[in-house]
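Right, I'll just put the structure down here and ask away after.
Lettered A, B, C, D and E in written order, each chain numbered from 1.
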């Protein structure tokens, strides 16, 4: 084991936090989507890294599924964002506030 | 031969039937149900007289449990029953009540029917229900039953005072009458409940009675519950005083007398029956009924005597200045019941009952006479509008005069004998070892003068002199149905004193005091206790042993002479002031004193103030408090929730980024809390 | 199975009426309401209970089936009546029938819904009085709220939304607290309890089965449960200071609904108090000042309620507040825990049901005729409506506790019972003070009658006043007849009540022979 | 060993930096490019973690699929600065049903 | 049990497979005749799919599939499939039943609701696919399958919510739902990865055995928390609920019903399985006392939701908050799992409530769908006088709302009190108090609607011309079951308790 697993944890945590940060500060729906992708990747990093550490393939398999699901999610997301764009003329999430309270 | 006593319940039930008939069928009957009432009360009178005859014939007092009202659990809980107790006292009272009721029914034919009143079925139903309740009260064998019918009597009084409910005054008077007596009955009810709790029974007579039990306890045998840490004697006094509350209310004693004058708003026959002869007597009768209990408590007796004496005097002063005929009679009624209370409190059991009897007769007479005058005067009651009626309605005048002289205590009318005996007994015991009674006696003596004065004033103003108005000039004639009761009662007012010629007992001998003999236990034995627990004789013993009353030596004749002289002084004064054809309204000369008297010492005012000036504002404050604070709290909880809801709603800003932020914040908070708790860092 | 029949027939009647067209709904409902009434009469003839249902007495018409298991507890369909509950069952059927008759005049829209809901209320109320399994009982207890809510909300007065909302929320909150109270006990009883039958719960508590719960002593649990239960029932009764929903609900509800509301619904609270607090947890009263506190609460209800009634100007509000006062007597009687105290309280429940029903009904008749309820707006009604007025006067005197009417019997028994109880320090003082209520009640009722019924006829509204319809008069007369009948012969039901109440009253513990005779506390 | 650690450090830096780029740059299109860098560097991490297949999938699915979709989205929704009201999106594209299914 | 023995093991997944098959059939049918879009055929197909699935579930339940046999340990217990990544037991069948029932109702109602909607085949197939996902969630026995199944639920749901693509509300709802959903699934995934970091396995049984064994660190605790967060999104517990009011309000009403009932149930089954079965409290407690965490969540959820619902003007949004509130109530089933309580009893309370809730909440939303169908408006005052116009449906609504409020007109009464019991049994006073207060608060907003429906007079000239059969049937069914669940609560409670017993 060349690199201590803790580093991977730190890396993934960093990526996760950056993703979360992106969600919190950006109002563009697409950036929101991308940030989510980052967060999912952070999970993947963990899974793959510790798949190696634990010596089983479970993590890798799950990571695979996650990649697939992320893709599907993006597909749905893009669709929704496009419809949003058509209805609100923008993809700024702060504009879509017809329903509140 | 049928045992007459088994018919006893019918004495009260007859009028009850009359009530039902009058209420539901009265409108279809001639005379609006009066005939049923007359027949029923006549029947009651006959039966009552039969009872008297039977008892006089030596039959023992009769006691029977009629009906279990509320049964107790086996071995536990008290049983509430109805029963009847026919002893000399109640038999006498039954006769009085049914007699007066009978006469009043007859009189009502003239007073109500001939006057074309509407609502007669209601009127006769009321009379019937009243007679029923009163008779049932009289023959009650226990305090609870007595209380119940006592209350029913109050209801009837309410209904009858408010007979002319379409006018405001009778409705108001009815309310006041019920409310004031209710206030007294409140204490009475406490008393009844307390007696239940103390003795487990409220029976008046017999081995099991509370009277006997209390006597036994004070005699050192047996025991009883006491409450609030009081001793036996003190508790018995408390019980007696509680019951006395009802007595004071019903018998219109100071300070609960205020309802009676107002009650004159009712039809005059009603005043005669209820507010003079019978219902008001219920209070005094009740004291007599449980005299064996009161005799155990000198304190209670003293209070009774003082209240009685004071009431006799104060009410008499108020009667001095009244201008309405019935008002004078009302205050005189209060005053006379004061005498009875004085007698009972002063140890004069027989005297009290005697005065009760004579007063019933002559006061009913006076009221009916007043009713006759009122018919004649087209319902104008102001004496200053009358005058000169003597010649125009002689029957009324002479009977009324007889009643008046009896009231004034002039020899040889009935009132003289009884009032004299009242004073005599009080004096005897007062001189004995109870100086407190002398105070009552003094009040009584003063009241004698005043009574004579206002009575004669009343007679003079009404019947003598010249007619002061056109109506008095040509009064409406009255018929036989008015005159007949007047004559009957007039005769009785003259001769009733013969029952008990106590003043001249040294002359005629003790054994010829019929009433004394009648009420005495010497003739009684049987189930109601050894030696006649209900006898006057027994009461005297009790008074001596328990209350410490001792009879001093004093000449009955001398006392009678004093009373008569004082009464004559009053008569003379009235005669001097109001004789002649056109008397002056002398009372106006009294100035401020008159005002105080005319306002009845502001008794009404303060009682009205208690209701409207104290209770009502307090109630309003309570209502404000309820609406504002208690309900306000409930509503505030609701409002606060809604406001909180409004706040919680605002969390949902609609901006998805904020949601993400809050979500993350929540997660971080959880992380911090549980991280710290779980030692992750 | 008579009870099942009773409940079933009532619900079936309700459904039938729901489906009936409006024009015949009233008559149909009136006719159908005789079925439960008749069933009750049949039950009365076959009534063979003895003792208290929760103290091992024989229960009449008992039936018991498995309903379902909840955790380790078997919930059952367990119904039956004893001397405490049967009078209330009868009261319910009688009052509902009469209330339906008296609805004919005032209810002029959506009749089928109205009468259907009335019958549903009846069914739920009956269920409360016959239910012996806690959960079953609780179902009925809560079920009462639903039809009642609609009856107030749809046919009520101008502020009906507020009143109905307040009613349902307030009483529901109370029910929840009460539920927690019961289950504190149930869980503290632990394994000693296999079913939620009230009979079993009561027996388990009496046998000392209470254990620790959450680290608290059984005694603490008991007190906590007592308090929660009391709070829960106090709202229903209602006990001051939890009473404020009542005047609002009464004033807004149509009069026939008020009849049921005051006549029966309030009795749910006192009935439950008797069943739970004073049967299962009567030990709590012997501790510390508990009994005194309860007595004080009852006293406050009596006097404060009466004072509030005194301040009202709306005839219906007056009657509503006087209910609070009357229910205070029940609390006092129950707290005394003497034979006549508890018995009298139970009798008072029935009696107050009849009398307040009568009063509300009469107020309703006046309202139908005059379209006002304000005391100042009318005068001399007796001139135009003599019979109604007469019955109203009689009812008012019944309320004041006139002897030979049922109110007197109830009150005097309560007073006798509470005067000498040894549970309460200074019981005579409490009792005497509470009795002052009979003076105040006389004050405001006499005042109200003087102003509305007597005096010259005047009416502030321009409404053409007519005679009361026959069915209203007949209903009133029946109620008055019952009030008098029970007043003259309380033993008609008091015998059964005594029989059921007696086991609750433990005889005096020695020495004082008289107190044993009186059933004097313990 | 040191080499591996060095590589990890380098690519970790790249990952974090490009992730930050995703969330920080103003232009969505640039953000998408940064996302591509980030995802690629994660793929390299996978390779270093002996998960070549996952790395391949990462490249294929993420960069080949997801990123294309996102680019697509950016294209369709980006406001043309010259056109005032952002009109001109083709209709009927990106129905959520079609994409999601 | 005899019959089931003749079937292959995978047949235990029949409820989920039926849904999937029906979805594909639908797409096939649509592909064959894309233009006509025969609504009866499409609705009929999906309805039969749902019914068959329901039939399978009920059959299995009745036959005792996956249940412990009496006195016969060998035949007892759950059916493990695919190396234990899926499991069919009482719990999964119980929730499958809820989900299938809701789908039946929703499909029935959608027939009328969608009467002129263009993409019916897609709509139905998305519903069925989501149902497949939900049914799979109930059987998930590994974080992998759980996550995939959850995503299979989420993705179609996002699309369904946004399916009224010309309606701004619908689109906005879809966006919010999707964004929060994506975030939550990222959190969920990261949580799973953290657990994997510590445990090295994702199979539930394997995780359990590790958890029972040894030291767990902060990483694990964080993972558990994040998993809790991820699932909380599905059940819409505060603070993961923000999507819910908007999504329910914007979505087509049948979809609101679907998501708020079925999707929530799916979330809860996972929550129960994961927290009761995997993160066994005795062992996890030193690291993370999730019972306390859930207690906090429960109290916060019910309080925030109920208070926020108080003054809502739109019925659907009010119902959305009520649905969040109910999530808070059901959380009691976990929050009451303190030491020394009867766990099956407590857990059973939540399960039964979810079942009853499935009917009453769906019914309430379907009534809203009916109102939307009639076009009467969305605010409470728009409902004025509906009772007179549509007495039957309004009576059903009365049943639903009062049952939701916990009055004894439907099974909601018993299940709510069962929950209250659970909180007392768990000796969590705060929970009981919160439940009581919130229950009372909720009565206020439910009755506001009923007040409008029954006691108010119609404000405008409200005329209802059509009484759609499908919607009416669905509402009637929901009402019937809701009412029947009052007397027939026993079998349901038994079933729930038995199922709960198995995973404890």
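Rule of thumb we're sticking to: a contact is a pair of C-beta atoms (placed from the backbone, for glycine too) under 8 Å apart; a residue touches a chain by one contact, two chains touch by 3 or more.
The model shown is predicted, which means the values in this text are computed figures rather than measured ones.
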Intersection of contact partners for chain D and chain E: A
Chain centroid nearest the full-protein CA centroid: C
Pair with more cross-chain C-beta pairs in contact, given A-E and C-E: A-E
Distance-maximising chain from chain B - centres being C-alpha averages: D
Approximate Å spacing (C-alpha centroids) for the pair chain A, chain B: 96
Whole-Å gap between the CA centroids of chain A and chain D: 10
Distance between the centres, which are taken as Cα means, of chain E and chain B, whole angstrom: 77
Between chain C and chain A, distance of the C-alpha-averaged centres to the nearest whole Å: 64
Multi-chain contact sites of chain C, meaning residues that touch two or more partners: 169
Interface hub residues of chain E, defined as touching at least two other chains: 155, 158-159, 162, 165, 174-176, 179, 183, 187, 245-246, 444
Shared interface positions of chain B, touching two or more other chains: 638, 649, 652, 654, 656, 660
Of chain D, residues touching chain A in the complex: 1, 4-5, 8, 12, 15-16, 19-20, 22-23, 28, 31-32, 35, 38-39, 42, 45-46, 48-51, 53-54, 57-58, 61-62, 65-66, 69-70, 72-74, 76-77, 79, 85-86, 89, 91, 93-96, 98-100
Touch list for chain E against partner chain C, complex: 342, 344-345, 348, 388, 402, 406-409, 413-414, 417-418, 420-421, 424-425, 427, 429, 432, 436-437, 439-440, 443-444, 447, 450-451, 454-455, 486-487, 489-491, 493-494, 497
Chain A residues within the chain D interface of the complex: 2-3, 7-8, 11, 14-15, 18-19, 21-22, 25-26, 28, 30-31, 33-35, 37-38, 41, 44-45, 48-49, 51-52, 60, 63-64, 67-68, 70-71, 74-76, 78-83, 85-86, 89-91
Residues of chain A that touch chain E when the two form their complex: 5, 9, 12, 16, 19, 23, 29, 32-33, 36, 39-40, 42-44, 46-47, 50-51, 53-54, 56, 58-59, 61-62, 65-66, 69, 72-73, 76-77, 79-81, 83-84, 86-88, 93, 96-100
Of chain B, residues touching chain E in the complex: 638, 641-642, 644-649, 651-652, 654, 656, 659-660, 662-663, 665-667, 670-671, 674-675, 677-681
